[in-house]
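Have a look at the structure that comes next, please.
By written order: A, B and C. Residues from 1 in each chain.
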Amino acid sequence: MPHPISQTIYQALADIELVDPHTHINPHAPASKSLADLLGYHYYTELAHSAGMPKDQIEDDSIGPDELVARLVEGLWPIENTVQYRWFIEICRKLFDVDCRTIDSENLETITAAAADKFASPNWADTVLSRSNVRAVFLTNDFDDDLQGFDTAKYIPCLRTDDLVFHLAKPETRQRLTDCSGIELTGSLDSLRSALKQRFEHFTASGAKACAISLPPTFEPQQVSDGRAETAWESVLRQGILADDSHHTALSRFVFWTLAELCDEFGLPFDLMIGVNRGVYESGVFQGQDLYDSRVSLIQYKALFNAFPKVTFPVSVLASVTNQELVSYAWIFPNVVTNGHWWYSNTPSFIARDAMARLEAIPQTKQIGYYSDAYKLEFVWPKFDMYRQVLSNLLAEHFVGFLGWSEEQAIALGHRVLRGNVEDIFNIES
Amino acid sequence: MPHPISQTIYQALADIELVDPHTHINPHAPASKSLADLLGYHYYTELAHSAGMPKDQIEDDSIGPDELVARLVEGLWPIENTVQYRWFIEICRKLFDVDCRTIDSENLETITAAAADKFASPNWADTVLSRSNVRAVFLTNDFDDDLQGFDTAKYIPCLRTDDLVFHLAKPETRQRLTDCSGIELTGSLDSLRSALKQRFEHFTASGAKACAISLPPTFEPQQVSDGRAETAWESVLRQGILADDSHHTALSRFVFWTLAELCDEFGLPFDLMIGVNRGVYESGVFQGQDLYDSRVSLIQYKALFNAFPKVTFPVSVLASVTNQELVSYAWIFPNVVTNGHWWYSNTPSFIARDAMARLEAIPQTKQIGYYSDAYKLEFVWPKFDMYRQVLSNLLAEHFVGFLGWSEEQAIALGHRVLRGNVEDIFNIES
Amino acid sequence: MPHPISQTIYQALADIELVDPHTHINPHAPASKSLADLLGYHYYTELAHSAGMPKDQIEDDSIGPDELVARLVEGLWPIENTVQYRWFIEICRKLFDVDCRTIDSENLETITAAAADKFASPNWADTVLSRSNVRAVFLTNDFDDDLQGFDTAKYIPCLRTDDLVFHLAKPETRQRLTDCSGIELTGSLDSLRSALKQRFEHFTASGAKACAISLPPTFEPQQVSDGRAETAWESVLRQGILADDSHHTALSRFVFWTLAELCDEFGLPFDLMIGVNRGVYESGVFQGQDLYDSRVSLIQYKALFNAFPKVTFPVSVLASVTNQELVSYAWIFPNVVTNGHWWYSNTPSFIARDAMARLEAIPQTKQIGYYSDAYKLEFVWPKFDMYRQVLSNLLAEHFVGFLGWSEEQAIALGHRVLRGNVEDIFNIES
């Protein structure tokens, strides 16, 4: 049973207009155009596959969007218990105005019709934003994105750097970097540094508010001497992905460290999303192949956090078992802040325990409560709402019930982690 | 305070007839014959020892069953707070019809008399099964068990393979394998493969529904080439346990991989119980010596899960910190399902958090809620009942309270994880 | 909402006079003399720093105590949500009789005046003890402490051995050992052994009740042969901290093992506080630089626990993810007992889950519920009170609510973990 005043707090939090500090929204097609855009989200395809649907019944080119939806709807009943399923139902209820508890062959037609109506309405994306009480969302932009053709006050650019740190050995990555920066990548480190810096100039000039990267559990940032980095760079230029592992590691560290230096120079927070192993399930569906090794420690980031006291690092951890380290590092390091509840830790019971551990021990100014990680705008609302419900309960039980705070104080804390800190940490105008 | 409708749900779950998918019951002596059989369970001897009873007061050959019970009863008061103690009290109340809260010198005579009455009654084992609402239990059979002389519909065989994977270097293990399979183990891998296959034929012909193994935290399954395996096999045949560690590892991996191939061929699920270190407390009582290193990851099983898409792997993890990985791997891999709450994670608070994390994120069809791991039938009931109570609370609070499900829906989910999935996953007739 | 009878249990627990089994109290100045003594506690300086106050505004020699308090009070609002802040407020309310919810520029004068009044009162330290219902506190004494000039029944000596195990390579440590023991440290191991033994004689003669040490996550106790130890000792004597790492490790292990032998000989429990990495945040404030790597396992202590069955090891773990191992090792090993909730795990949500896991599975006689770790007496009360509130809830919900215990039984269990076990395990007269 939720605490009795949890509901009051929830209402107050629902009234807060949000800025979502991390999504994968495409600003040129932010909202869905069909149910296939929603049910094609990897959470549904991977769970339907995990529950028994063969991959070739989900991903074959011959499958049209209506057919995909029909198949998935048939394959989704085993996941009715999951919170991921719940997100979709909440979209139907909140955004499509369909009063359903499930999606199945009986109500599929109704839902499809209602959704089609909405998709066809003028400015559906803006409607979704406004009904979700969302002012702006952060994007995840490739480093060579031209950032043209959208409103950067509403769709806030963020420089995603995985390719630069981990895939510079691929000729196509280097070509993309040269093409967008206009800088020839020679054997000298200067050319690489200049190209990276040019990207920061481009992104910050276009309103970018963060640099971001996801990192495998084995990664350990270290400063690499120029001599060592040059050797690695030359080797990678010569041999590409066939270069020795030690060169890949050295180059990854060099590029990562250079990005941190540029974050320092350009005043950008550097979002670290720590812990993912890519491609663990090799035959999984698209975006449903990544898992992790929870044996990771923030001690691996000791050198980084010490070297860049002026760079703010919003840190996400993939496994809840790393959350206590995150709490402790954010408690001690001024430049480490906690950032949302990521991926496999983004389910109610993990959110509840991880958020509580943060709220009771870290300065309130150093906690970014949540981000949706959504690929389509429709998912921002149900995901944030899941968080809001968990948060309301924690505020009601611990802060009001246990500590004797007033409702107003509890709501103020909720406002801070939901909205205020996003503005302060990412330097967004309120 | 439990959620108000938790009790209704509990009642409905208690009415479900169970199939217990993992026990160590001896089908030739499934129920206890004396209180010593119950209090001699390692949970009581190891806890009494941990609380101060010297081992030689528990295990000396000169100690008769009555004497052992008298001693243990005296040594058990320090564990009255534990859930393990609670299991025994529940047996007294439910099966012996004694209304007690403790067992002590004052009521020992009463309990002994009541129990003796029951033990002497005709068909006590069947009475226990029926009062516990249990239809059948899985066994843990040595690979050379002849599986004769018991009703395999009630006592379902399961091929336990620890000895084959980890102790084939011992001459007695190889002798047992030769004796039961009728196949001479020569230096050729074929002989070993044939003997293993013969065991699968024997077990499946006798109604076995699973293959099972417990694994140390360091184990990492890998396919081993025939050449490498042959070298290892020859070395082990020649040197036994004195063979080089690398050969032991290679042979373990080869046998394990071969078992997985046979599970594939014979359509048996392969229960993996991951994480135990044997013999950590060298002077501990019988079965009270094993502990673990919680630094284990399912990434160690990446190759296995990818290589055998058609084999179902019901996975148990020893440490609750591994539960989130288990949730995530079961969420992504179609062939990974969660299996019960094992040993040191089989206490209410770990069950509650681990079960909740599963229920909110994994397809409902991929969760085997519980197994008792019991050595005597009497323990099936109190252990399952502990789980039922935790589960009822989660269903009431999260699914009915938070998600707005009906009681019927919640009970249906409970039925599935308690019974339905056991039938479906292990191919048991309902 | 707390369970209704949680409050009754809380009251009963608050009436229990405490012996605090681990603090850093200075017996020559046990209570605070100014608010700077309280707000100078590393929890406030490190959190204020983490929330944005530059270190040089906290630690410069030119900053007087009033100025420090004024600055910190200004810098503390971001941590009003934290439990560490709560400890201070509880001190104001309970010990200074100021009815406040925050400390800020508006009420600073009031609090300062009220506190000054108390600090100036005769026997303030004894008043704090009596208002906190505390009979005695354990100290943390340097190995060369003369233990003179205080009442060892109230301030119980404890031999802290970090310097001996980890800093014997520093000439000043060896000099201190020679000076206090009167034994010349030559290249022979005997001189070192004799000096260590002399310290045990001195400490036990002065009423010491425990030996204690904090250990990094990498430490793995092992017995070292005399030959190996001698080589290490000679090398360290010759080269000091420049000696090879292998020699430092061997010497640390030798000294640690010798301390365990002395604990055995002198009948002292050996407190192990496992998991801290010192100096991770190099520019942090005083005592605000230490963090950890949660990838530690008690399997590292297998040899130790097996070798010293007669030494009691009260074990604290820094990270909550190690708590389940601690529960399991205390469940199996007679000589392992759980000890309090240490440092980064000393916040309500971690205490709740870690304490519950212990209460449901470990003999009640093997759990030391809590220690304050306080540097000043004033903090003993609010820290223990936080624990008492969490404990009352667990006793009410699990033992009374779930198991049907009476209030009296639940209170008796609370008494045992709060007080009875401290007496029994550390051999304190009741």
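Everything that follows uses one rule, which is that a contact is a pair of C-beta atoms (placed from the backbone, for glycine too) under 8 Å apart; a residue touches a chain by one contact, two chains touch by 3 or more.
In this text the structure is predicted, and so the values were computed from the model without any measurement.
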Next item on the list: Please report how far chain A has to rotate so that its Cα atoms sit on those of chain C, a copy of the same sequence, as a value between 0 and 180° in steps of 5.
Entry: 120
Item checked: Classification of the chain B:chain C interface as same or different, half of numbers criterion -> different
Note to self: Using mean CA coordinates as chain centres, what's the gap between chain B and chain C in Å?
What the structure shows: 39
Margin query: Among all residues of chain B, which ones touch two or more of the remaining chains?
Written below: 1, 295, 321, 353
Note to self: Could you list, by residue number, the parts of chain C that touch chain B in their complex?
What the structure shows: 1, 3-4, 295, 297-299, 302, 305-306, 309, 321-322, 324-325, 327-334, 353, 356-357, 359-366, 397-399, 401-404, 413
Item checked: In the complex, chain B residues that touch chain C -> 1-2, 46-47, 49-52, 78-84, 86, 101, 277, 280-284, 288-289, 291-295, 319-321, 344-345, 347-350, 353, 389
